[in-house]
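Labels run A, B and C following the written order; every chain starts at residue 1.
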Amino acid sequence: MDEKIEIRNVSKRYGSKTALDNVDLTIGKGMFGLLGRNGAGKTTLMKTLAALHLKNSGTITVCGVPIEDRKRIRSMTGYLPQEFSMYPTMRVEECLDYLGVLSGMDKALRRERADMLLKKVNLNEHRRKKVKELSGGMKRRLGIAQALLHDPKVLIVDEPTAGLDPEERIRFRNLLGEVAEERIVILSTHIVGDIEASCEMAAVMNEGRILWTGRIADLIHDAEGKVWTVTVESRFLPQIKSLYSVTGMVMQGSQTTVRFVHEGAPDLTGAAETSPCLEDAYIYCLFKNGCIDMGGEG
Amino acid sequence: MKASCYLSCLCTDIKRNALPHILAAAALTLTVPLVFSLTSLSAPLSAQPLEMYLSLTGTLLLTPVFLPEQNEDIRDVVRVRRMPYLTVCAMRIAYLTIIAAVLYGVITVGLVRGESTVTEAHYFGGLFTALFLGSVGVAGSAIGGNTVIGYMASFLFFSANFFLKARFGVFYLFGLSTETGISKLWLLGGSATLIITAFLYLRFVKKL
Amino acid sequence: MLFAKELRRVVFSKIFILFFAAEVFFGFYTQFWSDMGAGYKSFEPPVPGGVYGMVVVDDPPTLTQEATASLINEFVNNEYITYPYGFIHKVHLKGADKDKIAVILSTLTGISDIEHHVSSTYEIEYTYDDDLKQYAIPELGVLDNVSIDDFHALMTEADKILGGGSKYSPDEIMYNFSLGPMPYEEALAEYNSLINDDKITNGYARLFCDYHGIDMTLLPVFLVAVFLSSDKRSKAEQLIYSRSISSIKLVSARFAALVTAEMIPVLFTAVLANIRVAQFYDPSMMDMFAMFKYSLIWILPTAIAVTGIDMLLTGLIPSVAVVIFQFGFWFVTMLMTPMRETFGVFDLVIRHNTEFDRQGFMDNITVFALNRLLFTALGLVCAALYVFVWKLRREGRLGESKLLSKLSLHRH
């Protein structure tokens, strides 16, 4: 069986608003990052892949199974929604057991998988705790555990690290990385650092369209020669911002070191070319596709 | 805080939150002349529509006072504001009480025009009955943490008054209709007590 | 397994505790001690020369005389007492309607100007409400003017003119004007029927179900509304939707769990009712399963119907609106349903407010059976429609806003 997701010319509309506009993607095994602004259409695409939304046109196959075969899709897909929660008075192990029943798993398998996953996500000591007693990070880990419960071929995680502290975020990314060794994992986020740390392949979305897809290294390579730094008096900052797409600023007293994206050498004394990071490359991608103008505003 | 803030809050609340409940109470009021005769009624019979039917406007208006913020996320966003959340709820109860008073006024005028025997005791007694019933709903919502539980408490208390009758003592809702002679001020006091209890519970137990 | 999990979720919820308490309290109050006059009593065999209550008797002369006299008095005062919606209505007729009543009275009595005849000929028995007069109406010989069938037709016509709910309606006329003392033989036959045919508890079981049928028409809505909205409140909706379980399986399990949970307090009070009845009679003479049998054939269909309908409504409109709707329906039903042993195929609340009258119940057994089957089917159909609605929502085909939520920002 194909171990990839094929999305061909998929569109979805909500009334007059186009949420997905001729999306074309192939997602293979491993971690795949979906990067985009808020409102880019990432969640709509995630939900469509999880068979929670209907597309208006195009085709989607998940490991050779058409998306219209909802029952098979749901049995192959694990989903961690953006706002994850469960019944507050249920205990952690009860949640997993209940969701396992909803996934059609028998008792022995549920128990085995739940035990294994609780250890994997470091919730074993908290299995008797009620959901309302869990911290944000613990809840997310429970979310991952339930998404993996039925050993799905595809794992869809929508903004999983939003609201987590740095330590939790790193732990979560590492966990996802482990999980991605054996399956397709789609990580949708607007936090570039998450993609940079864990994905090899990615796509950039904006206003329902795919602007770019490919290897992260290639995206960064495209931005070579386009990223610059300059140190200026802080009072010149508004001018800099109006002329260039600023990706970073570090204030040091009355001076500010500005990092920005620009096609070709900028007309600025002291500007030096610098190696791009993924964030720069992302901004450059938006800039190249006309999603932001010179002044960095969309 | 400026008075204009309170006024804006009030207008938004009526428009966005309370309107369906006000319309439901108004619809109930409009059905009173269909269900009851309002003409040439004696004092006990005049009290019937006010106690045994229109009092449900109290349930419809007051019970959903906490409903807009039943979702915790919304409640958290509202709670961090300068205007205390419980002040907003108190304001709601105040204007909804006025609306109940207006609805009672409409039916009382109908009774007067129908040459039924009706006094101030009927008007205020009926209104206090509605307020008490609504307060049972408010307390149920607050303590149960769910508006449906508030409705359950209020509706069941109302229904139980038909079966258990004067066993409710001073809190019997239909005293004027059955001429028990018990003052309706007990219901007013009970109403205030229930609302204060609900607020104290939310403030000190739920820490809102 | 899923059914067991859903049942566990229902039974261990806060709302179920309140539901259970309300059902048991109501059942306990009505079955074991009550000032409505229908708490369980023990019965001794009737002795000759005693008083055994009143029954409807077939006595056309009394019926026609009493009913006509009552209509005459109300006509002369132009004030008719009716109960179209359970509450008292005072009707004052004008113009054509008043003339129609005059024609009816004229047909019944053979007297043309009845108002003048009464005020000039008959004595006033008493005056009430300051100016309303009760005349002593002598024997009118109504049956000399009309047949009994014509009499009933004219009274039905009068009831229609008055807007319904009057003493003269077909449902009420016999109970208002044709009651007589129950004869000893009939009282003895009723008692023997209770002891021998009903084995005691079957009679009490009908009374048990008469009361539980009332609360089962209202209380389930609270359980359904809170339980079904828990997915949304807990933000677990998307998670549940994304599972591979079929919509029909999940909804069916929840429906079955709700109905089962609703029957728990009924069966619990059935046990208590058995114990109570056993305090009055020799248990060896009792049918120990009667309470449970009747609960299943009488109360269970009500639970199924109410749960199914409320589930469907919860899928379409906010829970709060469903609760208000169900209470309104229940309130109107209670006002309009008479307490006596009469019911039709389309009556959700079946009344049989007595331990006796086994024969009356058995005479209506076909109607009862059809009624219960109809409401069971209705409940199941509504539950099936809810599966459809739930599936549409799961697939994103039904927008998040429910019907009435358009009026309000918040969804619950």
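Heads up, the rule we're going with is that a contact is a pair of C-beta atoms (placed from the backbone, for glycine too) under 8 Å apart; a residue touches a chain by one contact, two chains touch by 3 or more.
Note that the structure is a prediction, hence the values are computed from the model and not measured.
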Steps in the shortest chain-to-chain touch route ending at chain B and beginning at chain A: 2
Identity of the most central chain, Cα criterion: B
Centroid spacing, where centroids are CA-atom means, of chain A and chain B in whole angstrom: 50
Interchain centroid distance [CA atoms averaged], chain A/chain C, Å: 59
Chain centre separation in whole Å, for chain C relative to chain B (CA means): 28
In chain B, residues with contacts to at least two other chains: none
Chain A residues within the chain C interface of the complex: 47, 50-54, 70-71, 74-75, 77, 79, 81, 83-88, 97-99, 101-104, 107, 146, 150
Chain B contact footprint on chain C (complex, rising order): 14-15, 18, 22, 26, 29-30, 34-36, 79, 85, 87-92, 129, 218, 222, 225-226, 229, 233, 319-321, 323-324, 327, 331, 404, 407-410, 412
Chain B to chain C touching residues, read off their complex: 16-17, 19-20, 24, 34-37, 39-42, 45, 48-49, 52-53, 60, 64, 67-68, 70-71, 74, 144-149, 151-152, 155-156, 159, 163-165, 167
Chain C residues within the chain A interface of the complex: 1-2, 5, 9, 230, 234-236, 238-246, 250, 394-397
